[in-house]
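Here chain A shows up in two complexes: once beside chain B, once beside chain C.
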Partner chain A sequence: MVRFKNRYVLCEVVSEDPRCRQCIEDRALGLAVRDAIARVHGDYGLACCSISFTVKYLNAYTGTVLLRCRKDSYRLLCSALPFVRHLESRAQRYPCCLNTLHVGGTIRTCQKFLIQYNRTQLLRLLQNCTNEEERQCIQKSLLSCSLTEEQSQSGDEEEDDGTE
Partner chain B sequence: QNSFTVCFSVGYSAVALNHVIDFKEKKQEIVKPTSPSELFPSLPIVQGTSKRIKVLTRLTLIVSDPSHCNLLRSTSANIRLYDIIAVFPKTEKLFHIACTTLDVDLVCINVTEKLPFYFRRPPVNMAIDRGIYFELLYTPAIKDSTMRRYTISNAISLMQICKGKNIVISSAAERPLELRGPYDVANLGLLFGLSEGEAKAAVSTNCRAAMLHGETRKSACGVVYTVKKPRKVEEEETAVPACKKAKTQA
Partner chain C sequence: RPAGRGMAAAAFERRVLRRAAEHHYLRVRLELPDGGARPSAAQFKQLVVTALRELHGEVGAALPVDVLTYEEKTLSAILRVISSGLVKLWSALTLLGFYQNRRCAFRVLQTSPFLLALSGNSRELVL
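Entry: the complex of A and B
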């Protein structure tokens, strides 16, 4: 059967600078990843990986990124991700690192993993909560996790994660 | 201290703090390791499980002369306080001695410059038999391009001799942003020539085995780890006599 098989790599952007979160955008991230692949695997690696390379999903509040590439070259991509050192956007350089969470064959599997991961993150936030209102907010969003409405919920609740 | 918080959030369950002793200077005393409770008031919990993170202490000796090895044989009390002992040999003779006779857990492989000696099969095989692990660092590779070339060439030459067994990949991170998650480090292992299963083992099972080797060294005999299993067997036994009783009564 003729079908192009893709791999979707789910990563998280970790940085110390809180301003970095606000300027995560898909073009800057795509350029940073391509640059890392070029440095590690050279021209051949860059050409292989950029056949079907896009940033499919980006969540600036939680720093979650979903990248797509071909199944044949996902190993090149995954082995070059640790070498991403900084993001450049609007003439500013922010040091950061990418943390790979999950590699899946479809967007749906990555989404399911992301829901579970966000649930554990919310639980951890719940433990560190100081305010009673925040606690209730988080408990409410935990109870209403589901496949369709998770992404909007996690976007609202993770704001305090971004400001911590 | 920030690096530790990043570790915890990324999913590591045990961290080792490294003290480096360089023998080129005269009269180095082995310092008592700072106990982990001095650094954190309370250890955070590992993400995903409910256990606390283990913090171990580790000593690295940079040896460039056979007389430095005498320190390991001395019964200095401070050495016993460290959980893991690693040695960083600079010459071929020292590498041979470290693999065959020295009482260490890890042998560090230099990644920042071209190795002055080639690996040979006999000492490497003896080290594997004794349960000693070879350690590769990955943080220089992230920082600098020439270091990356040396790291990869040294790592691949090691792989060709030892076939990917007994490898531990660790970071010498000084800042929290130089640390990478376990999945990423396993992917780096692929770059070094490991197969996928070996790369994952290099991050997880080999590290645990090195830790247990350190404990063995401290206690001078073997270590047996017991895990609590739910006691189903007892329940069945007590159920059977009850049935028998019922039959006899009926």
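Entry: the complex of A and C
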């Protein structure tokens, strides 16, 4: 009955530099977030948030990050996320910022939110398309991510990565 | 709540306020067992803010702490902090170990939500 409760923070990495995408990896991001917490909340905050802190899911194409922490310290974590300003990896540092999208109690709720969010984002991208071939591309990927009856495919309704 | 009766009897009202004081006051003493130059008032405040920054980061360092009085001879001071920040300040003072590479320690002598209560100390009472 008494169990450790976690909070899962869903964020997206926003960067103007396109090369930042290859720099998005779990260790670099984890270090950057820990460094920001240490700066903003000191030794106590760092220790509090590091108890059960991991990067659970990372998608370099869309820049989606899922972080896990204890329920008692998720506020410390969320308040330190705006202070992450660069990502460093392999001696390259790129400016970026983290937008918090959703805070959930389980991975499943975050996944549900992410599916919904990606749907609206795809629609918005379609509206903001300037180029005709971009439009074709997005329409094709929208039509391709649908439930199929085939046994071979798993038929998820999840988003199609890639086109941005 | 006023008493039930009538207007002839004086109405008795009792109000209890919990945690109503907005500031807490601490009388502290800095111990420097290795001797050396004593900090001035500004350096003392800098030391307190540094302790907060080490333990609680930028958020801790931004806590409104005031040094109300400071005596350089005895290295004792009266600090004022907002009540919600008392735990952070006290823990930061406890865990501060070094001042300019010399060992140091903060001793908290008295603490109270009322400044007047710091004037008397029953521990130093001479009977």
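In this section, the second predicted complex is superposed on the first by the 129 of 164 C-alpha atoms of A that agree within 3 Å, B and C clash if a C-alpha of one lies under 4 Å from a C-alpha of the other, contacts with A are read in each partner's own complex, and residues count from 1 in each chain.
The definition used in the following text is that contacts are C-beta pairs under 8 Å (C-beta built on N, C-alpha and C of every residue); 3 or more make two chains touch, one makes a residue touch a chain.
Everything numeric in this text was worked out from a predicted model, so none of it was measured.
Contacts of A:P95 after superposition: chain B is touched, whereas chain C is not reached.
When the shared chain is aligned, no partner comes close enough to touch A:P18: not chain B, not chain C. In the superposed model, A:T120 makes contact with chain B only, not with chain C. Shared-chain residue A:R75: touches chain B; no touch with chain C.
Measured by the number of chain A residues touched, the leading partner among chain B and chain C is B.
In the superposition on chain A, A:A38 contacts chain C only, with no contact to chain B. Residues 39-40, 79 of chain A contact both chain B in one complex and chain C in the other.
Residues 52-60, 91 of chain C touch chain A in their complex. Interface residues of chain A, counted against chain C in their complex, comprise 37-45, 79.
Partner chain B is touched in their complex by these residues of chain A: 14-16, 39-40, 75, 78-79, 81-83, 85, 95-101, 120, 124, 127.
On the chain B side of its complex with chain A, the touching residues are 2, 6, 9-10, 45, 47-48, 138, 141-142, 145, 148, 176-181, 183-185, 187-188, 190-191.
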